[in-house]
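Below is the structure I would like to discuss, written out as structure tokens.
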Amino acid sequence: MKRYIPYAVILGLVWCFVHGTINLNNFVLGFIFAPFIMIPFKPLYNFEHDFSVKRGIKKIPPLARYSFVLITEIIKANIVLAKIVLKPKMDIKPGIIAVPIRTKTELGTTVIANTITLTPGTLTIDISDDRSFLYVHTIDASDPDAVARSIRDGLEKYVLEAFE
Amino acid sequence: MTTIITKTVTRICLPLVILFSISLLLAGHNNPGGGFIGGVMFASVIALTYIVFGIDHIRSFFNPDWADLFASGLLLASLTAFAALPFGHNFFRSAVEFLHLPFFGEVELVSAALFDLGVYFVVIGSLLSVLKNVGDDK
Amino acid sequence: MISMFTFAITFMVLAIVPCIYRIIKGPTIPDRVVALDAMTVVIVVMLAIYSFDRGSAFFMDVALVLSIIAFVGTVTIAKYLDEGVVL
Amino acid sequence: MNIVMQHLPIILIATPILMAALMILLRSKPRFQKDLNVTVSFLLTILSALLLLQVWNSGIQAYGVGEWGKYGIILVADLLSAGMVFLTTCISFLSLIYSLDYIEKRSLNSTYYPLFNLLLAGLNGSFLTGDIFNLFVFFELLLLSSCGLVIANEHGGVTRISDKMEATFKYLVLNMLGAFIMLIAVASLYATTGTLNMADISVKLSAMSAAGTMPWHVFAIALMFIVVFGNKAAIFPLHYWLPDVHPSAPSPISAMLSGVLINVGAYGMIRVFFLIFRDTLYIFQPVIIYLALATIIIGAISAVAQTDVKRLLAYSSVGQIGYVFLGIGLGGMYAITAALVYLVNHAVAKSMLFLSSGGIIHHAGTRDMRKMGGMVDSAPLLASMFLVGTMSIAGLPPTGGFIAKFLLFDAGISEKYYFEIGIALFFAVFTLFYMFRAWLLMFWGEKRDVEKYGEYSSHKASSLIVIPIIMLASAVLIFGLFAEPLISLATATAGQILDPQPYIQAALTEVVR
Amino acid sequence: MIVDTILEILSNIFLVIGLFFVFLGMLGLVRLPDVYNRLHTTTKIGTLGAFGVMISILLKVGFSPIGVKAITVGLFLLLTAPIAAHMIGRAAHRHGVGLCDESVVDEYGKVCTIKK
Amino acid sequence: MDSFTAITLAVFLPFILAGILPVVEKVLKNRIGWYAAAVALLSLILVAQVAPTVIHGENIQGSIPWIPSVGIDLSFYGDGLSIMFGLIVSGIGVIIMAYSNGYMSKREDLPRYYQQLLFFMGSMLGMVFSANLIQLFIFWELTSITSFMLIGYWRNRPMSVYGATKSLLVTATGGLFMLAGFLLLNAMTGTFDIPTILHSESMIEFIKDHELFIFALILILIGAASKSAQGPFYIWLPNAMEAPTPVSAFLHSATMVKAGIYLVARIHPMFSGTDAWFILVSGVGIITMLVAGFLAFRQTDIKGILAYSTISQLAYLMTMYGYTTHIHPGIGVAAATFHLLNHATFKASLFLVAGIVAHETATRDITKMGGLRKEMPITFILATIGALAMAGIPPLNGFLSKELFYEASWEMGAELGGAFTFVIPALAVLGGVFTFAYSIKLIDGIFLGKRPSRGLPEHIHDPGWTMILPTAFLALLIILFGLVPSIPAHYIIEPATEAILLEPVDLHVSLWHGLTPSLAMTIVTFILGLLIYTRYDSIAAWQNRFNSKHPMISVNYFYDAAVNNAKSTTFGFSSRMQPGTIKTYVTALLLLMIVLFIIPIIVLTPDIIPSTLNFDIQAYEGIVYLFMIVAALGAALLPRYLPAIVSLSGLGYLVGLLFIYLQAPDLALTQVLVETLTTIIFLLAIVKIPQKFREHITPSVMTRDLLIASAVALTVFIMMINATQGIVPPFESLSHYFIEKSIPLAGGHNMVNVVLVDFRAYDTLGEIAVLCLAALGVYNLIHSRGEEE
Amino acid sequence: MNNTLLSLTIAILFGIGTFLILRRDIVKVIIGLSIISHAVNMLIVSSGVFAGTKPPIITDDGGHGASETTGTIFTDVLSENILAPITTAGHSVNYVDPLVQALVLTAIVISLATTAFILILAYRIYEEYGTTDIKELRRLWG
């Protein structure tokens, strides 16, 4: 039962959010519903390790760091793209490149993939079967290695910290 | 097959949307929503899991008989309507009660909510039954 | 004097023009799907603005539902394109 | 019992819905399913008789669903609707009994009962409702349930599944269009009168008419309803779907469709025009009359061309419904009486014929009459039953069909529609011709070429198949020999139709919270 | 009072930027040469723009139902937009939609052909 | 027992007692024929029992309520005419049933045979005693049906079926026209009751002056002619000879075919005395008499001769009923009535003889017979009596009535004057000539001359007494009526004639009238008859040549063409009308809608564009409208499915957006959800529908479809701009109620939801039932494949 | 809701849908039906009769029982020719018409059910006939 608690907490919050009013009533309601929603779909979720509060709290600073980096990157991405869109002449060199990744968990892989998509000039197209490469479409593929490097050194580090 | 990325996000969405669907069902009487909208929401997220994970995989652990569900929904809806008869009222005569619960404060109990629940089941059951029947058809 | 609201809504409506253009023009099916998906985003934004302007959360519900359901739709079409099957 | 009597109208509609749900849930217990459904269906027949009796004794009954009066939905049982419901439950009970043996087990035990129950609910609901939008909802219920039933599997598999689907597709497309037009009409009506309650609309339109403020588009709305109901009843030029759909369905469903479902169109036409659009009558009456005549002609001529027994019966339905509409179009008290008598007689006779055709198809293994012949020796009972139906459709005494034709022609002539009745009479001869030709082709003449088409089936029709046919055939004869009760009922009904005040009074004084 | 004014100004800035970006994102649909590039603008600019608008609304109304729902919508878009883009991009490529002429490299294309 | 009860019993006992025949058969086995005869006798006794009352000038009348709401009761009326027919029907019935005991093989389906015979007899009695036109019609059609069943008694023989079908089609159809005539009569008089009309002089006057008179007359006469095989309707009778011979004797000579004559007699008071009556009744009669007489002369089948002879003889009757003269108004009627009775006796006896001959010789072809007088002497005598009576040889009854006929013709000719003075008698004589000739041919062909060497059985002899006695009884009547004409004249003919003419009649019939024109005509008849009989071969050769040159001069030709080609002709029509493509059907529906929409515009000439149109919208709204149109166009014009579906989906989302502008959040929610689900289902469906077919639209199709589409759009537009002008004051929408009561009574703030789950929850119940139906239907669709297990 | 341009749009959608249901490809026919169904739904909503500006959801209630009154008399006295509802003169309503929205909701759901059925039907028809051409879908004729 214990392993439902994080989900229950999250769902309690979700309930508040979808309901539009954040208060205890709503939270408790969502909290109560959570197990009933989760149980039928148990096999879809990874319930191996039990939830520990300590570990959860430890994850907060890296998460914050990740969020900050993500937001700045997103803003950068937007400005870059805005320029491209607004430039009267299109001179882009797009292409799809393979980027090696180090994440192991499904969540981590997903987060890095999504992060890549949300950040400048890159878009995750697919993941290799062994989950070691992401195929990334980039608007500026003139130097593929540079792109791969920037991902590994920039974003992936924070993702690994926060989600693995 | 869809990728791990899609699957992960679908996993995240699934409970959220189900919760949202329940929220829409319950809120329906006072806010936009209701049995139909909630039901379609539920059905679409199950459809999403069918699509993303493959219908066979989902069925290996989650395989309700949707026909039974929509039948029960229809049964519930019509029984709710019939329930007024023994009280000397006409079919579908609704009842509204205001209850004071210790924690939630004033709660409105509406017989129509039970009917809406029936609608909810029917929508979920029938839509998913259609999808499943066609999806199974190879 | 055009109100902020009218301006915002009109601006967003104009943002739909490229979407419609792509939906009709294509040339490839993924192009159309992207455009459809993008159009839902614009509509979500419009709903948010509208909701704010009216001061009612009702339209926000629609926005939330639309963002969810459009995701479902996009995934479905994408899977269909990819694998030729839906379920 | 008291509680049942109080809520008769809704019980007749809601019980089948409830049963549909139960039947789905019980689909793993076929025996129990069967017993329960037959019992309930029988009880519903009794209840509908009680309803008719109640209406006959104590006048028009209105029933406010949810006690919202005209602000919600009311059901109104007048003689017309209660009579139609009684007819419906009777025929559907017999069709159900027949189905038990006729429909293939895998359909029967999976979807047949629920679909059948919802069809019944749709029929009763359409007849009893006093709300124009609710009528739309129940029309849709009818549409989809009949579509589902048309593609149900039957024993023998004489009708190709592809034919069923083709027919269903045409049926569906045309009826969806019809539904859209109905929605336009209903919405426009609401936008003009502010209500959906038919009695209320009637009051408001008459008040407008009296005050001279009735907008002209009310006439357009009225005429759109001709398309809507004409489409349900398959009058020219909206008849096209019928000859495809009715024969493709399994025989008990053909019986329901031809016997009862097309009556919904006639019912709707009567209800809407004589209740709501009374003040537009002078424009639409000639329209209906000429459409009815065209329907008679098309049905009669086309039926002659048929070699498929069920298709012939279907075309005959087209022609016959034309006679009903002729009566409606003539519009007088006597003519409406005649139309109602005609409708009932046709319903009974045609469902009997379709049920018999099922037996014939089982016996002969084909629907093509040219491949039959001389069956009178091997299937004497079917021969005599089919003959009774044939005589009734052809309008020969002593069957009910004769009484119906006589009343209709007499009504027309007494209202000085000589030309119209002349046409109707002339094409009645066609009816006589094609019905008897069919009977002769199948039952008399040389026995069929065994080398080419094989022996007739030695399988004897079970009592489940025979009894409904016999009961309907007896009804055909009873309506001919003892016509008075039906005619007086029809006369009283016509009286209620032409004087809507009691209906309005009953409907609008329903208690409102 | 001042806080309110600042919030008001901030929210308006967010609104304008958000709207502008949404518009740009859509404009990208027309301007960029192929579906992959278009995905960039719609998912990134479009989503961010939408998120900006949501933030703006949150700033204006605070944690009232409208604001909370707005931010829920924004977060949901951020969660799902990349997936949609990924699915479409992947499907497009596997469906056989080639990259535009300006493209310089397609490492995925090799893998795809090997798989086939 | 009072007379009314007696008649009622006479009519209904045959039905009831026939109904229990299958039970009786269990007891009596093969002897049920005698049971049937007893039933007929019972009816005869019942009818005879009331005869004296009627002869004394008292009519019988009574009724039992049946369908009072349309003024139709089960009522019987017995006057001289009815009684005469009643006696003929039941009397000959007894004879026929008795005869059948010998005729019908034990292997036949006897219960069915006798049952149908008795049904027929009951119907016939019911018809003649009906006091009510509708009741008369009912029994009339019953006789058609029983006749149909009896002609088709051997139901697997193609010729029986052909004959039965023909008789039914002709007579029942005629019946329907007759019904129309009755209805017109009712429209004129306001009653279906025959005595009421007969006894009201003013009503009869009114009928004769009425504009509908001629229509009613023609329609009723069509019925009479079809039943009595007159005019072009004669064609069914020769084929009706496929029936067992006793049936032919009973139905197709003595009784049923006289129903038409009965009808003419019955309506005589209402319609006669007019030019139309004379032209239609006598005109048709004379032509039929001559043509049928000639054709009878040309037949080689015994029953064929008798059939055409019957047609011709019935035409005599028709002709005479048409005659009305000033000097002797009743002369034609009396002649006809007398001849009617006589014909029943001699024709029935001849048929019975034919039955005997066919039974013994196993053939009916007269050319294969001859010289049978030695082998079947009794039969020969009986046949000769019948034939001579038919030929009009004194002292047999046929002579008397033919004399009356000639007398009436003479007077009629004189009455009309001019050329008619001689033409009418001449035509009558010509009819008599043919009659004389074929009567002789019958005797000569069967009994006289030499027995052919081949084709006939070895041993031919007179049949048993069951067949002889009934025939002999008829022969006896022939002689009796001839020698003592005052018996039938006084007891039967006079009352019947009085009933027709509605005035007292004193009829004097005797063998010797003195040297009258009619005597001369008779002598001419005999001479000419002998002459043409001897010239038979050359006449036959001439006719064969004529027929092969003009095949179209035959009603049968048209009948066969119509019936045989009915299917192919109508199939052309029906396949054009029902071309099978849904496009036609949809087009018809839309066109009907458009046309119906135009009607009020034309009739009322309203202002179709209201003056208060509102074009005031926000710019963005307008753009969204434009988008919707573009998206719809995309869905319409994009040639491939998937792009079209994407476009459609876009339209759906835009509709959702519009619902927001229209302040309908619930709708917008539902719309976007449903849109997406629809798209998913679209995809599911087209997964298995690869797009192989692509329509090439020709310019003409394009133009037509665009025209229809525009017309539909215009219709909807006009409808909408008018309907959205708002509720006509002082009325208000009942939505006010929802606004006011939603919270207090239903406990909900969202009025739309409250309407859905409370105020109009019943709609929603139907709606979810529809959803269930879709699921069930899809299940059926998917699982409809394959064979049953 | 007297809005001519909206009416025009709806009418045009009707026209486009009509054009499609006259096509020979059954899938196109179904698309046409979908378009018409959208048009009909909009038509019903636009036939709502209140000129209000708020969605039909009551937000300002101070506890159950109290709510906005519309100043309407609800009685039907046929004999006195009083036909409810009757509003006081010059009265205006804040909301848009809730009834039409409920009707459209019903209509939308029904058309979803029908469309689902007809689509799967089309899919089975293709399986049986091997084509989607309506011209070949005419075994039943005459």
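Residue numbering begins at 1 within each chain, and the chains themselves are lettered A, B, C, D, E, F and G in the order written.
The rule is short, and it goes like this: a residue touches a chain if its C-beta (ideal position, glycine included) is under 8 Å from a C-beta of that chain, and two chains touch if they have at least 3 such contacts.
What you are looking at is a predicted structure, and each value in this text was computed from that prediction instead of being measured.
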Quick note, more Cb pairs in contact for A-E or C-G? It is A-E
Taking each chain's centre as the mean of its CA atoms, subunit F sits from subunit G at a distance in Å of 51
Distance in whole angstrom between the CA centres of subunit B and subunit E is 31
Cα centroid separation, subunit A vs subunit C, in Å, comes to 23
Where subunit B touches two or more other chains at once, the residues are 2-3, 5-6, 9, 13, 20, 24, 30-33, 36-37, 41, 44, 47, 67, 70-71, 73-74, 78, 81, 91-92, 94, 96, 98, 108, 123, 126-127, 130-131, 134-135
Where subunit E touches two or more other chains simultaneously, the residues are 25, 27-28, 39, 47, 49, 64-66, 69, 72, 79-81, 83, 86-87, 89-90
The positions of subunit D in contact with two or more other chains are 14, 17, 20-21, 24, 65-66, 70-72, 114, 133, 137, 140, 144, 147, 161, 165, 169-170, 173, 177, 184, 187-188, 190-191, 194, 196, 200, 204, 207, 243, 302, 305
Checked against the stated definition, the touching pairs are A-B, A-C, A-E, B-C, B-D, B-E, B-F, B-G, C-E, C-F, C-G, D-F, D-G, F-G
The subunit C residues in contact with subunit A across the complex are 57, 60, 64
Note: in the complex, subunit E contacts subunit B through residues 79-80, 83, 86-87, 90
Per the touch rule above, subunit B residues touching subunit D in the complex are 67-68, 70-75, 78-79, 81-82, 85-86, 89-94
Seen from subunit C, its contact residues with subunit G in the complex are 54, 56, 58
Interface with subunit F, subunit C side, in the complex: residues 6, 9-10, 12-14, 16, 19-20, 23-24, 26, 29, 32-33, 35-36, 39-40, 43, 46-47, 50, 58-59, 61-62, 65-66, 69-70, 72-73, 76-77, 80-81, 84-87
